[in-house]
């Protein structure tokens, strides 16, 4: 036994340099469940891609810990009285990864290129189709950039800072090939984009000339001091394999772990569980045009049958915070009014069902296996519904198929997660609207719609609070969907890692240390 | 005792156990296999739950019994599907030859050029992961090999003298096909069907493993194993028992299949 | 022989055409599309239309097919809908990964299984035979993903001898590359050994019954010489055909094993691309898989005369 | 008495693990140096097992359960593996029955012949090669140099059997065991190979143990004969004694099974033809490939043939002569490319209204009694199926007719519900005959109907066929390669070669005074037994065809 083992050890050590976990001390090895889609901020992206790319690129402004807007490449900005002109003062001496110093011309060129790109995933935020249109971007001198909008827009800076927009990250011209196609990001972030082996993973290297600002990390703003030599992302789609990797030391950080997995690791020595709710929504959607579900009494019956805190506790293994309001539990606007939620009352169900005229028709809950939370939610909800005589069934779809049903609105009940919405207004905007205009809208109510629009244009926090309180009351009354909790991304760091925290579900690697 | 008799018994015993469990499971299980009891999650095997409970506190033994029924009926229906389609197409192609044969066979070859697993995967994405979709997808994925075997044995049977004898007696082609060719290609077909049964069981569980397959909460051994994966490290029983069920029933099927082949195909006897 | 190979390849064209039509049609029947997947919960009609246009999915399906086929004929499998990578590069790269694993595994399986199968046949009905046959039946009955998982648990986690994940190409670092291949290859070998042993045993039994074996013994040759010089080569023919089938099947990717051991192979690419609805990649992969299958079988047939000079490839 | 070369002493063989299941019981005989001894027996007599046990080469499932085999006084079963191997190939040579499988298909002739030399003789490579080329020349292989590098499949059966002979005689063994050495060969080649073998054995003073089912052949060449039946020796002694004064019933039965010319029957040559073919041609086409042009091969070239009412016409020829194709074409199993078939004076074509009538009146008995009966049907079902198209008869009547016809062919009611695999070869062929005649056809084609049967069974089946023909009066086209069988049965003989009829005439005329040299060659290959006052005597009909002719005929 011991002989082959020692031979194997010797053999392994000869190959040690190539093995993760045995590599040079200051490489942090991180799981990603799927390869990134591109390295270009805001274009061809998904949440996992954003999470990687935002370690490399920075925008003029960034979102802070509580969702407030912080300076990043701009050290400050002013807004004109009519709310249409934003003047950004750039930090001086900021270096691109290729050593060039950032100028206002670079910023103007980069912003222009991104915002006008038809494939920009936030195109509609800036072209007037949702909110204001960016009329012009101008460099005034070396360190000033002026952006003009066609109308005032309270959300403009918020959009600029959004992760799905790539934080409207500023890149150098040399990020593109001569024919105008994308090469690789040459940006200003604390990490330099390194080698990318498609399907296998990629490496980010420490940017030695990064100009540190601020005194402490604050969302995507603040102090970004890199304490590692490099971060190596490895594509490991399979959770069980990833956990095995973490245990064996081949992986240091698993940023997105199903809560059930993370909960098990919680009790093991040396692992750090990092769980923080973000602005995403964990829900069960009702299709309010479905013959059965269009009946409010029916929807209330379903809700009364669901012990939502129990569901949340189960599906998040105690890591999640139940929240029946679309205003995120961590938000400034989540006041006591929003703590009011659903009442679990199985005894009320028969009466409600009778009122709804329910005669035992089959109700199908759609779910998928990509999200353990969706899947577990559906299973538990089905059991709860069946126990009060609601004939619920589950149909498990592949994620793309479920998304198709979501977009076309063809479902009765669907377990669904919305991605991070940094502002309550945006969260409401996601679900509220006209089904005729947009089939994936859930809450089709003109008054609510008007309230949401108002909240997005209102800059005064107190007035906004009133709107959100009103919306929540209507939400509980109309019950267009079941709000269970805010999005929860659970990460686990191995015993050698120090200082890993997650924010809004994003894996940031500045301020993270790795012991030998 | 002859080898195939021993194989009948060795293979038949686990098969009979599982069929019995499946049958009983339709009417009675120790607990409701779907009942969620979140307070008794992941309990190890013990007096209350003989084989323990899963991540939703459901009784593993009850689920295994219920799953036996699902797995067996899916596999049986799929094999039956492939059998029916394979016999029809294979006999027609083999007996008609000419253009019919060429069309059927080039379609067949095209399908055969994909690993059946991938084919089932693609078909399953279209039909959706429900029982009928799975049977349809797996059935279509397994039909080509059946067509091939049937056609092959029809072609070789055609050359046998008793087929000539049938023609000499003035029998029509259709009569000859039904009365003489069909019964005689049943041997290799049954042999293939037996091994296919095992293969379908395996593919179904592999598909579940990749995230398709029979939709939960209805249990199959495959999807039980798939949902057990994240918990294997601390709840070994969740992974071991369904895996054992699959392996043992496959072993039974393989041994049983060997015995059947020994009967039908003396050339392979003793294997 | 060249003429034969050429004829065979020509006659495969209709099959490949059917394959491409089928693949093209099939994948578009699957609900969901790459544009909505990319946009996720942000989708609205304009954004979807724009994304579809950017992906080249706005044209009618037959037109898309014609364009794609035209490119394929010129050796261009198109570009990934998701990230614009050339599909051919992607497929070849992933294929190389799968192929090195599969070739090593099948090679080892043959090295282990053929002698075992022959030994079992040689001692037919004896204890050794019973042991070998039982073992192969048992191996056949264990699902690969389960086997892989157990191997991973034992060697990777409990014993900690081998890296549980990650992958290094042999081309980049031969030693490390081989180490990463140990567990997946072991899994595949264990499974394939079960299959090949049975075939090798059956064909050896067939051969051992023939007169030339008795003839060789009647010349005064020892048992080992008889087995080695006379039985082995002749018995290998049917096994060789089986190996061809196995190779043809496995080279299409071993999605399950690749998933368990996180190997970026062709099988996983296909599965991932189906999930991501990356039509062009799926089309390219499946066409490539079908072509590989046909080519492997062609090569097997061309080499068959090595084991049986009676069979000429023509 | 000097020491025998081989002495088999009360040898018993049984299936391993089942000592009461004896295959061979108490067999004793001896072979002296230079002697030529024949073992005669039918299938299942155990003769091959006895021969193999001389070299301790019986199949692994069979073991020696009693007695001993001594070679030059030393017990072979008691020898170590090494000692036995030293004997094999060097002192004991063996020639097998089936030339198609007795040479390793994947090894060149040269390498296969080299093996015994490497094992048993200390020779360097060039001298080994010299020895091999010598012996290949000795067995009349053309171009030995090329043969050295060639693979077995490049040779005909006769050539392969010569190579086997070369391999066995390479080291000049003391004993050559030849197990049915010519049974699988064409009649024309059989005699050549046999005589070559005898010549070599005599030259080298090697003893020969020849195993065969063919009593005349064994009698022709051997000094002594051992007759075996069901694992026992029933009689042994010098040839002349056994042939002329057989003591055992079985030996007598064997001798009586030797085909004799039957009595001459008068067939009215003016009687109307039942079946007639005119200008019949059959073509085989190979499918055109992408790059290969379509080719056409003619199997029959304008055949004219007439079978009269109540007549038995024999169609003879070596394999490949087209006789089976002709039979199948007349039966409608192979389409004719030109020419016509006439039944009762009217032309019949597949698909024409007259065809079905002809179809039911033209029945066929096939060569292989294993292949011609549907293995999944009971005997009753097999026979009654032939009455399927008889609309007059009811169920009961059909069942009665089936029972009657089966009784007629010698199978009583017990066989009705059996399956073909439960019957012996002879019984199966009786079923096939019953099926052919149950519908009272006017014409029966028998395609090598007795070739696959053992001698004694063959005689009985032939007798049955002759009886049935006399009783029912059907005409018969009897296809056979075996002229001795034909002589017993036929009224008229038609000789075919390469798809052409070369000679045709009354039986006695053909057998006594063949006109065509091909017919003479065919006849020259079979020995005949003639009854004499003292018993029987054995002779060849004609001198062996000379080499040039034999070559031309192959």
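So that you can tell them apart, the chains are marked A, B, C and D in the order they are listed, and the count of residues begins at 1 in each.
Everything below uses one rule, namely that a residue touches a chain if its C-beta (ideal position, glycine included) is under 8 Å from a C-beta of that chain, and two chains touch if they have at least 3 such contacts.
Bear in mind the structure is a predicted one, so any value in this text is a computation, not a measurement.
Of all chains shown, C has the CA centroid lying nearest to the centroid of every protein CA atom. More C-beta pairs touch across one of B-D and C-D than the other; that pair is C-D. Once the centre of each chain is set as its mean CA position, chain C and chain D turn out to be 49 Å apart.
Distance from the chain B centre to the chain C centre is 22 Å, each centre being the mean of its Cα atoms. Between the CA-based centres of chain A and chain B the separation comes to 43 Å, rounded to the whole angstrom.
In chain A, the residues that touch at least two other chains are 240, 244, 247, 398, 401. For chain B, the set of residues touching two or more other chains reads 125, 128, 211, 229, 232-233.
Interface residues of chain A facing chain B in the complex, by the touch rule stated above, are 239-240, 243-244, 247, 258, 260-261, 264, 310, 314, 369-370, 375-376, 379-380, 382-383, 394-398, 401. For chain C in complex with chain A, the residues that touch the partner chain are 30-33, 36-48, 50-51, 54, 82-85, 90, 93-94, 149, 152-153, 156-157, 159-161, 163-168, 172-173, 175-176, 179, 259-262, 264, 268-269, 272, 275-277. Those residues of chain C that touch chain B in the complex are listed here as 14-16, 18-19, 22-23, 26-27, 29-31, 124-125, 133, 137-138, 140-146, 149, 153, 157, 198, 201-202, 205-206, 248-250, 252-253, 255-256, 259, 267, 270-271, 274-275, 282, 286, 289-290, 293-294. Here chain A touches chain C in the complex through residues 5, 8, 11-12, 14-15, 17-21, 34, 37-38, 44-46, 118-119, 121, 123-124, 129, 164, 198-200, 234-238, 240-242, 244-245, 247-248, 250-251, 398-407, 416, 418-419, 430, 438, 440, going by the rule given at the top. Of all residues in chain D, only 328, 331-333, 356, 359-360, 362-364, 366-368, 371-376, 385-386, 388-389, 432, 435 touch chain B in the complex they form.
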